[in-house]
Structures are given as structure tokens and as C-alpha cells.
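Both of the next two complexes hold subunit A, though its partner changes from subunit B to subunit C.
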Partner chain A sequence: MQEKKQKQILLIGNPNVGKSTMFNVLCNRKQKTGNYAGVTVASLSGKYIYKNEEVEVIDLPGSYSIYPTSEDEAIFSRYLIQEQESYSGVVYIADAINMRRSLLLFQQIQDLGIPAIMVVNQIDEAEKRGIKIDISKLAEILNIPVFETNAKNNIGIETVREAVFNNDFKISQTNSFEIPTEQKALVYKISSNTSEKNLYKIWTLLAADTYLGKIENIHEIITQEDSKCSVPKRLQIHETVRRYQSIDKITSQITEKKPQLKELLTEKLDKVLVHKIWGYVVFLLILLLIFQSVFFLAEYPMTWIEDFFTWLSEFSGERLPEGPINSLVSSGIIPGIGGIMVFAPQIGILLYFLYLLEDSGYMARVVFLMDRMLRPFGLNGKSIVPLVSGTACAIPAIMSTRNIENVKERLITILVTPFMTCSARLPIYSIIIGLIIPDQSFYGIKYRAIALMIMYLIGFLMALFSSFILKSFIKTKIKSFLVMDLPTYKMPLFGYDFKLVLGKVWEFISGAGKVIFTVSIILWALSYFGPPQHKNEILATESSLDHSYLGRIGRTMEPAIAPLGYDWKMGIGILTSFAAREVFVGTLSTLYSLDDKAPEGKLIEKMRLDIKPNGEKVFSFATGVSILLFYAFAMQCISTIAVVYRETRSLKWTMLQTVSMTALAYFSALIIYQILK
Partner chain B sequence: MPTKIIEMGLLPETTFRILYQAPFGGPLYIEYGSDKTRIALREAEARFIKVEVSE
Partner chain C sequence: MENSLILQYVIIGLIVLTAVYAIVRKLTKTFSKKDNGKNCGPDCGCS
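Right, the complex of A and B next:
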């Protein structure tokens, strides 16, 4: 058999040009794409096989130029310049609606001597706006192969694959940017003293105010006098203005415009969606709609799943031979997994809505609307995206802070995002609210839905409050700014997003499932076995669970949690859910199944009927509120801690966040319980 | 001034229109160029731009 050849290519382009969609289609991969600048928060890699060649595709974050202003752009520039040896070429995605802006970054890449081909995307959108682009003319002017695609409909993808296979990447022989006379001498001096022969590359090192690439001894070559004549920012502006002058000449040759008579969708929609009043009303209504759906659309599938697992647990309890294995499977693993599976519909619905919003281009409008409101809290309008997506999961939310240019605003956003009510809190909130709030409604609005809304609000307000506090602690000299593209609206890909949601929900279930599976086995072992006892010590009212090792552990920690209104079962739940919040419900589910004194039926019924030795309800109103507050504020998520550390690269901030969130959770739960009991 | 404004293609001698502004001195929503590019920027950044009223 012939051996497979391997090759690496880069996908590059401005934000929001359909790069991620292209990546997905090329690699057949489910990576979320969106119509909001900065969805590709990390460089992703995927693979496809064409003919006998395996191609690794690296999807870099979008950027407008090679001079980075934010973390995600820095990731892009560093990879492009420093890893030049590892890739064979660049597939540059240009936006037909915005050729001018697309050509800026493209010219820079060409001048760096990087081999490239160009793909013009969204041609159909451009034609709707009356813009016609002459592709063959463009290829002639740029002197590289140019292809036309529509990544969303899979058109033209094979030709791109073929071009990559044939190594059609081309290095430009001419420079489109002339190095200005003032800096020429210095650039030549560096070139003659080092091995770097690409003059433009040397220029970029002078013009970039952050580290882009390396030339040996460059600091010895540049004298103080030299650096006077090269203020990075000024050089960048000079370059950009010059480039746009030459680009305007190109675009006038390749584009043909028909007068645009009918008002386009984007223009029409924005009259309402960014309106001073209606804009906010619509945003609130959308949020309300999402939360209503999370509760009510999910109700039916949730009942089915719950019934199924109750049945499965009983079925395996009857069919499996009596003994430890029976109790492990039917009381440990099945209820544990079922306890988390039941929340899949809610999480799925929430994610689906968020994906549709991002896809459509609406998120950028939310940034526009919210910037002024968030500024007093030390946040940026762009912080709203992590905050809103934090209602699904803090991990992608924290990664999406990378397009916030200002370091301080980014750090604050990272630190407060975990306060947002993520989907892992939903299982806990649902079950506790179900226990302590009656199933009644007030003019059609359910009390339980109101309670859930309040929990989301508490999370959001705590996020704002802590940003306000953090604002005065974190110092920065860099000024905050907001310059953001407002993309045209696009019809979201309903089917495509649905597939992505299924993937994400499965990830959640299998991820949480693994943890819960392990936790269930450990819990089962600890509860099945116990220290030897003296016969007369067992009281008639106590079950064997109370006497197991697990019971002992729970009892030991009781003094610490009793003032919060928790019994030892909840204590074990909090302990096991330190790794991930959702484990709390799974743990309780397992614990109640193991408890031979607990009644049969659904978890919530068992919890409702559980009473203390003195006859009081275990899950009283005060205890319930205390649990809700605890989980609203506590960090309780190892993965989030890890991602915060990775993004901040600071042990100090990561520790500070975890410790203060836990302390806040503990004390607010303590105070509320003492007040309410 | 953030270089980003220029990178976005809002260059000297570009005609632009302010379409909307978010309340309480929020960001401006502007449209410019033949591509009808739309961007948002704050008042603070907009102050760096020298304008001449056309029409």
C-alpha cells in the first residue's frame, strides 16, 4: 500500500467571513461557528483525507491585520509567523461582501512571503447586495489561484481540496507595500546584519508593539537613535493607510456594482433591534423566551427520561441476582446516570437558542446595546457574550473572552463569568425549587419559573457586583476601547445547529456520566460496607446506610455543614460535587436509592418525604434556599478552575477566585439559613 | 487612537453616516465606504475622528 502523505494548511481570514464553517465542511467536524466575531477562540485543528493525502487543517482566530490588539489575534499572528516551517500554505478566506477589508490582511500575508491561495466566500450574499466580483481578474491581479465557494452549501469545496492536493499555493514575487524612506536604512541595516532577507518581515517587527517573531541580536543592531524614528503605532497606521490606497485601486477593477434599491434585511432589522427602547425590549423578550422554553418545552422529555430510568432501576433490581452487584447497578449506577440524563433536554434547549443567536449576527447587536451599561462595572460590551454564554457553560464562555482587547476588562470578565447560572446548576435548582416552591401559578406565571428567574438574576447581579469590586483592585494603564464589526444578519442554520447541540449534549452526558459512574461506585462501596458494629448499638429507626463508612464520613463533616441546614447526605453531595456541580443530584439519587428506609419512587418524592428524627422535613424551605445560594456562588467545577488558570496564566487570580467564591457561598448559605430557620 | 479603526477601513476622507447610538452616550453605529461596512465604536474613539459635514 502506498504511504499516506501528510501536509498542514492554515485557514486564515477576517473574523466572521465563514472561516469556521469552511473548517467544518472541510474536516466534517462539529465545531460551533457563529456570526459573531471571535467564535474561533482557540486555534483548532482537524483532518481530512483527499486522494492519498492526509491534510491537517489549522483554523486560526480571525484577525483584521497581523498586528494583534487582543489575545485571540495574538494567537493568530504568532502561529502565522513563528510556525512558518510547519505548514505548506495558507488558505485565505476572503469575504465577498467586504473585499476591501479582506485584502488588507491578505496583502500582509503575501508580503511576508507566505505561500497562499484565496477563497472568496459569501458570493451569494454579495450578489444580493448588487456586488459582482470578477474572480479571474482578481486572480490575475494578485497573481495567485482564487476560488469561489459557498461553504454553507458545500459548493466549491472539492476544488479547494484539489488545489491543496496539487500544492497550488503561491508566493508573491512583488511587494505591495513599499517600506517608507525614513525606515529604509534601518530595515536594510537589520537585514544585512542578520539572516533575515524578507524586508517586510523586519518592518513588521518594528511596527508591532508586541512580540511577533524573533531575529537574533536585533536589540544590538537597533540603536536608541533608530528606535526614535520607529514608533510602532505610527508605522502601523502608515502601512494600513498606504495599503488601503492600493487596495482601493484593486477593488475598483474587480467589483461591479448595481445600484441597490430595495432595503436589505439587515437595515430593516436594525431599525428595531438596536433601537433605544425596542432594542432592549426585544433582548429581554428573547431572554424570557429562552428561559420559559428551558422549563416548559423540556418538561415532557424530562418526564419520559425519568420514568424510563425509574423503570430500568426497578427492572434490573428484580432481574439481577440478589447481592452486592444488584445493589451497585440498580441503586448505584442507574439512578446516578439517570439523575443527570434527565437534564439533557433543558441543556439542549438552552444551547440551541444561544447557537441560533450567535449564528444570526444578533450577538454583536447585544454588545452594542450593553456596552454603556457594563462600562461602570469595569466590563466591556464584549463581556456580554461570555456572560450570556456562561448561562450554558462557563468553560467556552471564559475562552470567548479572548477577543476582549483590554487586559483588565478581560480578567474581570473571566473572574465573574462563573457566577452566571450555568446549565450544570439547573439540575440542582430544578430539584430544590420543585421541593420548596409550590406548584401554583399567579395569573398564568408559575411560581417555580419565577423562582428560577430569580436564581438567574442573583447570579447575574453577583457577577456585576463582583466586577464593580474588582474594578478598583485591578490596575491597568491601557485605555479601554470598543471598535467592533456589525455583521449582516444571516439566517441561522437550524438543522446544522441542532446537530451541534446533540453533539454538545452528548459530550455533557458522557463527561458527567463518567464522573458520576465513578462516584457512584465509590459511594456504593463506602455505603455497602461499614465498620463492624455491636448488635445492640443499632437503633430500630436507623438504617444500615447511617452506619456505613459513608455515613461515618458524612457524620464527621456534619458540624461544618449543620449551621447551613444540611444533613450528612447533602454534605456528601457537596463533597462529591466539588469536581462538577451536577454530581450533587446524582449523588443524592444514589444515596437515596441505597437507603433501604427511603420510600420507592422518584428522587424528588424520596427527598420530599425524608424526615429528621424529630419529625421535621429534611428539605425545609430554609435548607432549600441555603442550598440554592450555596450553588449560586460556589465554584464547584474543576474544569472551570483549570480553564481560568489556562486563560489568566496566574495562580494568584485562579486561587483567589476559587477561594473567595467558596467562602461567599458558605457564608451566604449560613446567613440565609440562620435567618429563615 | 486605536489602530483598529483604520484597520477596519475607516480611513481619512471616508464618507460615513451615523445610523444609531445606544442610549446614555453609548456606542455609535456607523456605516461607511462602498461596501457599506457597519461598525460600532464608542464616543471616546469617535472623538479622534475629524469630520466635515457633507450634503
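Right, the complex of A and C next:
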């Protein structure tokens, strides 16, 4: 049997040139892609086998230059330079629409002596704009293999695989950038005192603000006198200007641009979609449409899931032998898991719409609209991308703050992002809105959809308000600004996004399912057992919920939550949902299932009919609004807390954020309940 | 008490202990400094 060969390659290019799409096509993976810059903020790896050769593909975050300005770009530069021995070559993805910018980073990579091949992507989009690129001429000038691809439609991928298999990567024999005379002596001095012979690599060491390469004893070689004439930023500017002079000559030889007679669809759409008034109106209408769909389209699948779990619970109750195991399975675990699974269709629909918007290029416009609106609140520029992606989940959103170069702005963004309404809040909002808002419409728009949109806006406004407050404590002198391309509108990949959503929904089901599974076992045990009632008992079994350990715990915490309008069951729900917000609904489902006094039927019906000893409804309008506000502001997610800690590396800020968000949630819920009751 | 009931309580005890262990493990894993996911690097998070 032939032995399998192994190889590692890097995917490199400017942001939003289709690296992640290429990565997915090459490795047959379903990594999230987006039609805007900054989707990949960490390196990703995947594998494919071609002609009995296993190729490991590393997808690095996009960068415009070898010199990092933010943490995600630093990942790129460090990997490229320090790990040069571990990869066979670089597949450089160039953007056919913007060859000029693509060639800047490419030249730097060539000058670093890194073996590369070039792939020109988005040729079809360039042709629509009347841009024609002479690929063979480009290959001749750069002296490397150049290929055309359309990664989205899987065109040209086999050619790339073949080139990788044949090791067609080439190292440039000549440097496209000549080191300026003023720095030449120092570069030669370093070269003669170290093993590093690549002069450009030594130059990058002088021109970078942070140390990129691995050169031994560097601090002993560069004296203070030497560094006086080497201001990194100036050297970078000098290099960029020189490079663009030579790049302009290349692009004039390889690019042919026909005059564009017809206005592009993108330009027509942008007249409305980024308009200073209509842009916001359209955005609000799109949001309303999404929330309307969340309620309308999910109605039937939610009923089916709920009916299935009710049947399963009854079935297991009848078939399993009498005793604690029967109770645990039929009244503890199944209702707990069912209570949360029922919201999977709503989460799927919400994420599907968000993915379609990202893919189409509209999300980039949202970022542009927000940037204009949020500058007075200190949330300008790059903070907007994490905030917008926080509507799906705060964890990747917080990680995406890595492309904010200003440390203080990054900290403010990390601290306010959890206010954005993530998909885990959806089950709580959905069930509470279902309880307190009637199922009626106004000209076809459901009141419940409007209520859900208001909740999203409340989260967003609180993020703004908090950043405004934080801005006065965490003062930052340098403002970062957002430079981003508005990509052309593209038809979203409906099928691919659907598969991606199925994966995300499964992630939600398995992630939340595992938590609620373990939580419901513990909840059941605490509710099944109670303190001994007689002298010879160690434990009381089959206690009524009120007399169980759980009831005792709930009653103990009741004085703290009663002013908010909550009973002890909701208190237990809040306690368990510190793990993750959605656990609140699962907990209530388990508790109502264990309560003999609760009426029969679906969870929402049990909650609606539940009454206090004084005859008042447990879930009144005032209590419902109080819960909604509590969850809009509370930091009820252990994973987010852990990510904040990991990204800030500060226990102080992590604790401050958790405590202040919880306090804000508590007092807002208290005030609103006291006003409305 | 019937033997089958005793057996059920033993099983329940084990299940509850496993659940408590799972929660403690999840908490320690979440807050551990070391990344345990796939493709984790010192600077680049996990894929």
C-alpha cells in the first residue's frame, strides 16, 4: 500500500476576497463565511486528500499588509513569518475587482521569500464591472503560477489542488522593494551578525511596531543610536508608497477596463439602502419582517415538537416501572429538554435570515449605517461589526473585537456587546411575549413581532448608553475608524446557508440540551427529595414541590425576588439560567411538570393559568415585562463570562461587567414591576 | 423496601452524582486558561 504524503498550505489574502469560501470548497467544510471583512478572526485549519496526498489548509485572517494594526492581523503576520518552516507554500487569493490592493500584500510575501501561487478570485464580478485581467501576463510579470477561480461556484478548484499537489509554489528571485539607503547599513549590519540573510525580513523587523520575526540577539545588535533613524510608521509609509509606484505599472499592463455604461444593480440599491433616511427605514422594516417570520413560520414546527415531547413524557410515564426513575425521566428530563427544544425552529429562522443578509452584502450596509449613527456614543468604526454579530451570539462577537486596534475601544466594545439580543434570549422573550401580548395583528403585523423588535431595540439602546457612560471612565485619545469595502450585492447561497443553519441549530440543541439535561436531573432530585418529616427518616421521598429541598431553596430566595414580582419557581429559573439564559425556560418546564397542583397542558398554558395564593395571576403583565427587562440586561451566560475573561485577561473587568449587568437587570426589573403592578 | 426500589435509588444516586460532576467539570473547563478546543493556538483562539 502506498504511504500517504502530508503537506501544509496557507490561504492568504486581503479581507473579504473569498478565503473562507475557498477554504470550505477545498476542505469540504461548512465554516461560516460572510460578505464583509473580518469574518475570520482566528486561524482555522482543515484537510483534504488529493491523489493520496493529505493537505492541511490553514485559513488565516485577512490582512492588507504584513504589518499588523490589530490582533487578528498580528495572528496572520506571526504565523506567516515564524512558522515558515512548517508549511510548503502559500495560496494567495487576489481580488479581481481590486488587483492593485491585492498586489501590495502579495509583493511583501514574495519579498519575504515565501513560496507562493496566486489565485485570482471573483473574476465574474470583475467582468460585470467591465474589468478584464490578463492572467497569463500577470503570471509572466510575477513569475509564478496564477489561476482563475470562482470559489462560490466551485470553478477552477481542481486546478488549484493540482498545483498544490505538483508543488508549483515559487519563490521570487528578485525583490520588488529596494531598501532605502538610510536603512541599508543597519540592515546589512543585522544580516552579517545573524543567520538571517533575507534583507526584506530584516527590514520588516525595523518597520513593524511589534516584533514579527525570529532573529536571535536582536536587541544587542540594534543600538539606541540605530533605532533613532527608524520610526516604524514612517518606514511603513515609505515602503507602501514605493510599492504602489511599481504596482501601478503592473496593473496598467494586466488590466483592461471598459467604460461602464450601465449603472450596476449594487449602485441602484445603495441609493436607497444606505440613504441617510430611507436606509434606516428599510432596515427597521427588514427587522420587523424577520421577527414577524420568527413567530409566523415557526408556529407549526413548534407545535409538533411540543406535542412530541408531551407524548414522549406520557409514554415513558406509562411504560416505565413505578418509582423514582419513572419520575426522573417522565417529569424531570423529558419536559426539561422538550421545553427548550421547542424553540429550535425560531432560532433557526432568525439565524437563517441573518445569514442571508450577511451573504447578500446587506450586513455590510448595516455596519455602514450604524457607524454613521453611533459615532456620538463613542462606538465608532470597528466596534459596530461585533455589535451587529452579537445579535446571533455574544461569544464570536466578543472574539471579533480582535480587529479593533485601540485597546480601550476594544474593552468598551467587549463590555457592551452582551447587551445585544443574542439568540439565547429568544426562548425567554418568545414565551413571555406569548403570555402577556395578545395574538392579534395591526394591518397584518403581529403585536408580538413588534414587542420582540422592541426588546431587540432595548438591548441595542442599552449597549449605546453603556458605551456613552464607559467612554467617560475609559478615556481614549486615539479614535479608531472604520475603513471597509461595501461589497457588491450577491444572491445568497440559500441551500448552503440552510445547511449552515441546521448545523447551528444542532449546536444549540446539543449545547443547551446537555446543560438542561444535567440541570433537570439535579432539579428533579432536589424536588423529589425533601428534609425528613419523621424521626427515623434520613430523607423524605416523593415530597410535594413546596416541601422539597428545591421548594425550600426557592422559598429562601423568595424575599429577594418578590419585589420584582417573581415567585420561587422563577427564582429557581433565574438561578439555573446563570449557566445559560435559555435554561430558564427548560427549568420552568421541569418545575411545572413536577408540580402536582399545576394544570394539565402545554407549558405556556400552565404558566398562564398559574395563580398566587391571593388569586392573582403569577405571570401578570407587570411580571412579564419585569422578566423581559431582567433578561435584556442580565449577564446570564457562563460561556460569555469566560470569553470576556479570556479576551480581556482581566478578572477585574470581567467581574465588574457581570456584577453591574446583574445589578442593572435587578433594579430595572424592580422599578418596572413597581410602576406597572 | 423492595429490592427493585433500592436498585432504582442506587441508580438515581449515581445519575445525580454524575450530573453534579458534569456541571463542576464544565465550569472548571470553561474557566481554565488552557484552550481545550480543536486547533487552539496561544494567540488565535480556537476554530
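Everything below uses one rule, namely that the second predicted complex is superposed on the first by the 642 of 677 C-alpha atoms of A that agree within 3 Å, B and C clash if a C-alpha of one lies under 4 Å from a C-alpha of the other, contacts with A are read in each partner's own complex, and residues count from 1 in each chain.
Operating definition for what follows: contacts are C-beta pairs under 8 Å (C-beta built on N, C-alpha and C of every residue); 3 or more make two chains touch, one makes a residue touch a chain.
Model, not experiment: these values are computed from the prediction.
**Student:** Mind working out whether A:258 is in touch with subunit B, subunit C, both or neither, as first, second, both or neither?
**Tutor:** In the superposition, A:258 touches no partner, neither subunit B nor subunit C.
**Student:** Pick one for A:321: touches subunit B only (first), subunit C only (second), both, or neither.
**Tutor:** Once the two structures are laid over each other on A, A:321 reaches subunit C alone.
**Student:** Figure out whether A:499 sits in contact with subunit B (first) or subunit C (second), or with both, or with neither.
**Tutor:** So A:499 meets neither subunit B nor subunit C here.
**Student:** When the two structures are overlaid on chain A, which partner does A:677 contact: first (subunit B), second (subunit C), both, or neither?
**Tutor:** The answer is neither, since A:677 touches no partner chain.
**Student:** Touch test for A:486: subunit B only (first), subunit C only (second), both, or neither?
**Tutor:** Only subunit B is touched by A:486; subunit C is not.
**Student:** Residues of subunit A touched: more by subunit B or subunit C?
**Tutor:** So, of the two partners, B touches more residues of subunit A.
**Student:** Is A:639 touching anything from subunit B or subunit C once the two structures are fitted on A? First, second, both or neither.
**Tutor:** second
**Student:** Once chain A of both complexes is superposed, is A:184 in touch with subunit B (first), subunit C (second), both, or neither?
**Tutor:** neither
**Student:** Following superposition on chain A, which residues of subunit A contact subunit B and also contact subunit C?
**Tutor:** none
**Student:** Quick check on the complex: what are the subunit C residues that touch subunit A?
**Tutor:** Touching subunit A: residues 4-5, 8-9, 11-12, 15-16, 19-20, 22-23, 26-27, 30-31, 33, 39, 41, 43-47 of subunit C.
**Student:** Name, in rising order, each residue of subunit A that touches subunit C in their complex.
**Tutor:** Listed in rising order, the residues are 31, 41-45, 71, 74-75, 78-79, 321, 323-325, 328, 399, 514-515, 517-519, 521-522, 525, 579, 638-639, 642, 645-646.
**Student:** Give the list of subunit A residues in touch with subunit B in this complex.
**Tutor:** Residue positions touching the partner: 64-65, 67, 69, 97-101, 104, 129, 131, 233, 236-237, 240-241, 244, 251, 257, 266, 270, 274-276, 279, 364, 367-369, 371-372, 381, 405, 479, 481-486, 488.
**Student:** In the complex of these two chains, what residues of subunit B are touching subunit A?
**Tutor:** Of all residues in subunit B, those touching subunit A are 2-9, 11-12, 19-20, 22-27, 29, 33-42, 44-45.
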